[in-house]
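Each of the next two complexes has chain A plus one other chain: chain B in the first, chain C in the second.
Here is the complex of A and B:
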């Protein structure tokens, strides 16, 4: 049972990382980026392809991939955020939702063409160690540490740096932030860049733990979206906790029932939560 | 709706009905059948989509529910019309449950929940292998001729179009527009907004369920990904939104455009059909982004 709990903790940390990026994008720009999970799959594919040429360790590749994913984030901003600046809030949410879904579908086909249908696995052998009679896989423990550190660093970035403060100001009041000299376009572009980096890292971590299908991006996005809704849109702590909870639920569902029923249970719980959650309802 | 729009809508519906009677075999027959089924999905989607402004990413839930209910009816030994009646009954109950769950949600939350419900149904059907055939799908024997299915589909489209027109002209249509403009203001003037949403969503759900049943009857096969298909939901969404014309004409023109584009994509660009569909989505989003809300409303 404790082994299941530990497994849930590892999976939950990756979900948390994925959801934190999505929450950042929603909190600052008010967009539901359906291509978020596909960016995670892209990172996993890039990592796998790079392993052919250089035997990078995941952590080294994570550092290397950051500027690349920042650039992807900037590009994505030009497609799913910038064109809809003149629309009202509800219309821009819908337009960016449709545009990001379009990007997700395009990426899925590119992944299948590039990588084939085979699931992407970047597992590398790592020693297992014993702690209080529990077998702890070393790789998972390291990845858990890295995921926690990434979320921690992102929180520090948002709270302590000028750019982070600008992002938070923009999330609170766009017009007031502009009056204080904050450039909304550049700030939101940076926020999406940061969110994309987090998605990329989540993809690398996920593929190191479990095989990731080329068409699994939308599935990951949906789980991350539900985590964000459950944890609270626009903050980082809530989605991080909700991500961990989802990891535990998935692990326990797989342990208690069959693996195939996991998604049914998880999605049912998430929709139930969404329906019961007051912020989703008309007050 | 202006007079020319009404006339144009009648022309499209008449052409589709006649085409369904003339072409019911071969490639053209299948294409006309797809146009009619997608037309039913788009017109039914448009009822809550346009009047309430709700973006559903899971309209295909009702299509899948209808298909599986009908398939189970036939598998249990019922003949065609009792199975269709059973589908109507079961679909009504399931659609009511789904609608009651989702009617309280707004905008992004609603879109998200509909997508979640679509996946839940897909997974449930995959899990209940002993009833639904699981991932392998459900096969049913051919009961009537292709000609009958095409005509039934055309009748369903006409009935859905009539529902669209009657709903938008009824007081419930006006209530739904008020609800879309401001739910708080609508409640203040005494509009039962929740009831309006439920009625609107149910009016959209039932034709989609029946479309699923007729589609299965003609194709004899349904699987979880084809029944509860995200692509089908997006086709309905795009068809309803892509042509900025109010009333029934918008989704009808939209479905002609999107289904034709979809057909070209499937036949000419095999392996990249999702990508090209994604490009259409991007195009639709950019089109919306080119104009301000006021400009779109004026059009």
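Here is the complex of A and C:
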């Protein structure tokens, strides 16, 4: 049972990392980036392809790939945010949603064409440790630490740096932030860049632990969206906690019931949670 | 102008109105007609006959060059082309009806590992490409769909890696399969376990798709017959990514053998996590432990036992020809362990054509049904429902190489047990 709990913790940490990026983009720019999961798959493919040239460890590749994913974020901003900035809030949200869905679908086709249908797996052998009669897979433990550190550093970045404060100011009031000399275009571009880096890291971690299908991007986005909705949009702590909870639920559902029942259980709990939360607010 | 009697213009009554029946009264014209007919028979007919004379033997197939099965057979178009090139260098296949050796040509499409796509291409192979005989695609689900095209159009169809009994229980007349049915897929492994008398319990992990399910149902019965007790059964979807719950439950029952009936991606994911979480039975059996599996697991693949159709050192049939074809194709047997099964299908098709002496479909199918031929994997013949006789041998990864470990007369190494590799 404790082994299942530990496994849920590892899985949840990857989900949390993925969801934090989605939440960041939503909180600062108000856009729901449906290509978020596909960017994670892109990172996994790039990592796999790079392994042909050099046996990078996941952590080393994470550092190397950050500027690349920052650039991807900037590019994505030009397609799913910048063209719609003069529209009304609701119209720009819908336009960004559709544009990002289009990007996700295009990326999925490119992935299949580029690397075929076979699942992407970037597993590297790593020792397993014994701790109080429990098996702790070393790779998962390292990735858990990295995911936690990444979320922690992102939080510090948002709270302690000028750019982070600018992002938060933009999230609170775009016009007021502009009056204080914050450039909305560059700041939101940076925010999407940061969110894309987080998606990329999640993809690298995920493919190191589990096989990731080339068309699994939208599934990951859906899962991240579930976590963001459950944890609260526009903050980092809520999705991080909700991500861990999802990992636990999935692991325990597979242990107590069947693997096929996990999605049913997870989404039933989400609906129940949202209904209860909403009725609680009304009261 | 000649007018038959009874024509309205002749002023005589019509035949149907009871008048006399007269046709032509010009005997010269009649004789000319006979002469033209004789001329046609003597000149045109031989030309028609020569136009129907085949110039080549056309074999049609689809290969999963893309999609989920591309890891198993992706480059097999090259294998087919290498076989054709090798046979053609030797003069081709002798066809008695043509009294000549004819070159072989393979026409191959990418079925994208998808049944409906495969069926569409098999229909094209029959109607547009006019192939003489068909080789099946990879896997039971794709073959299940594709074989309908051959049955509807009455074209001989040699299935290869497709042994689900659901394919052969439909009463189809135009299909044979090189390999034995899925339930018997691992029978030699269980024969070995029974003979060695070491293992007592088995846990099954089964991917919920056609072939792994078929193999499991057979293995369950064979394991029982070998005196083993099934202590755990986990049937999981093909896209399962986290096996922790399954592994923890298997650890609780400590089986002697963990038997993984699954395709390669599923098997790799399961085995990685099993190694990570310290699942340590006396033996892992993974039905598909190809080179992709071995590379995916690295050192973790050591000691794992699986099934192989052929390894270096087996001496049935003409292994030199197979070696030549493999060399010509540039395909590695380690990476693509189903290549021998395809080679056996090529040998069966070649023998069937030579023995039928004709490309006439009915004759070819009848010959196939009665065929008994030695191939690199042993003797192939077919049951009434089309199921073949070729079966796999238990092979163990020892020192990074595949070794047949049973039966003793074929074995290239001794079975190592217990040998979990941990």
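Operating definition for what follows: the second predicted complex is superposed on the first by the 271 of 283 C-alpha atoms of A that agree within 3 Å, B and C clash if a C-alpha of one lies under 4 Å from a C-alpha of the other, contacts with A are read in each partner's own complex, and residues count from 1 in each chain.
FYI, contacts are C-beta pairs under 8 Å (C-beta built on N, C-alpha and C of every residue); 3 or more make two chains touch, one makes a residue touch a chain.
This structure is a prediction, so every number in the text was calculated from the model and none was measured.
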After lining both complexes up on chain A, report clash or fit for chain B versus chain C.
-> fit
For apex chain A with the CA centres of chain B and chain C, the angle to the nearest 10 degrees sits at 70
Contacts of A:229 with chain B and chain C, given as first, second, both or neither | first
Taking the superposition as given, does A:140 touch the first partner, chain B, the second, chain C, both, or neither?
-> second
Is A:264 in contact with chain B, with chain C, with both, or with neither (first, second, both, neither)?
-> first
Quick one: classify A:3 as touching chain B (first), chain C (second), both or neither.
-> second
Once both complexes sit on top of each other, what is the least C-alpha distance from chain B to chain C, rounded to whole angstrom?
-> 9
Set intersection of chain A contacts, chain C complex versus chain B complex | 112, 260
Hey, which residues of chain A end up touching chain B in the complex?
-> 32, 79-80, 83-84, 86-88, 90-91, 93-99, 101-106, 108-110, 112-113, 218-219, 222, 225-226, 229, 260-261, 263-264, 267-268, 270-271, 274-275, 279-282
Of all residues in chain C, which touch chain A in the complex?
-> 66-68, 70-71, 74, 113, 236-237, 239-242, 244-246, 248-249, 265, 268-269, 272, 275-278, 296, 298-300
Within the complex, chain C is touched by chain A residues 1, 3-4, 7, 11, 112, 116-119, 121, 123, 125, 128, 135, 137, 139-140, 210-211, 213, 250-252, 254-255, 259-260
Note: in the complex, chain B contacts chain A through residues 53, 55, 57, 101-102, 104-109, 111-113, 115-117, 119-120, 123-124, 126-127, 183, 193, 230, 234, 237, 271-275, 277-282, 284-286, 288-290, 292-293, 296
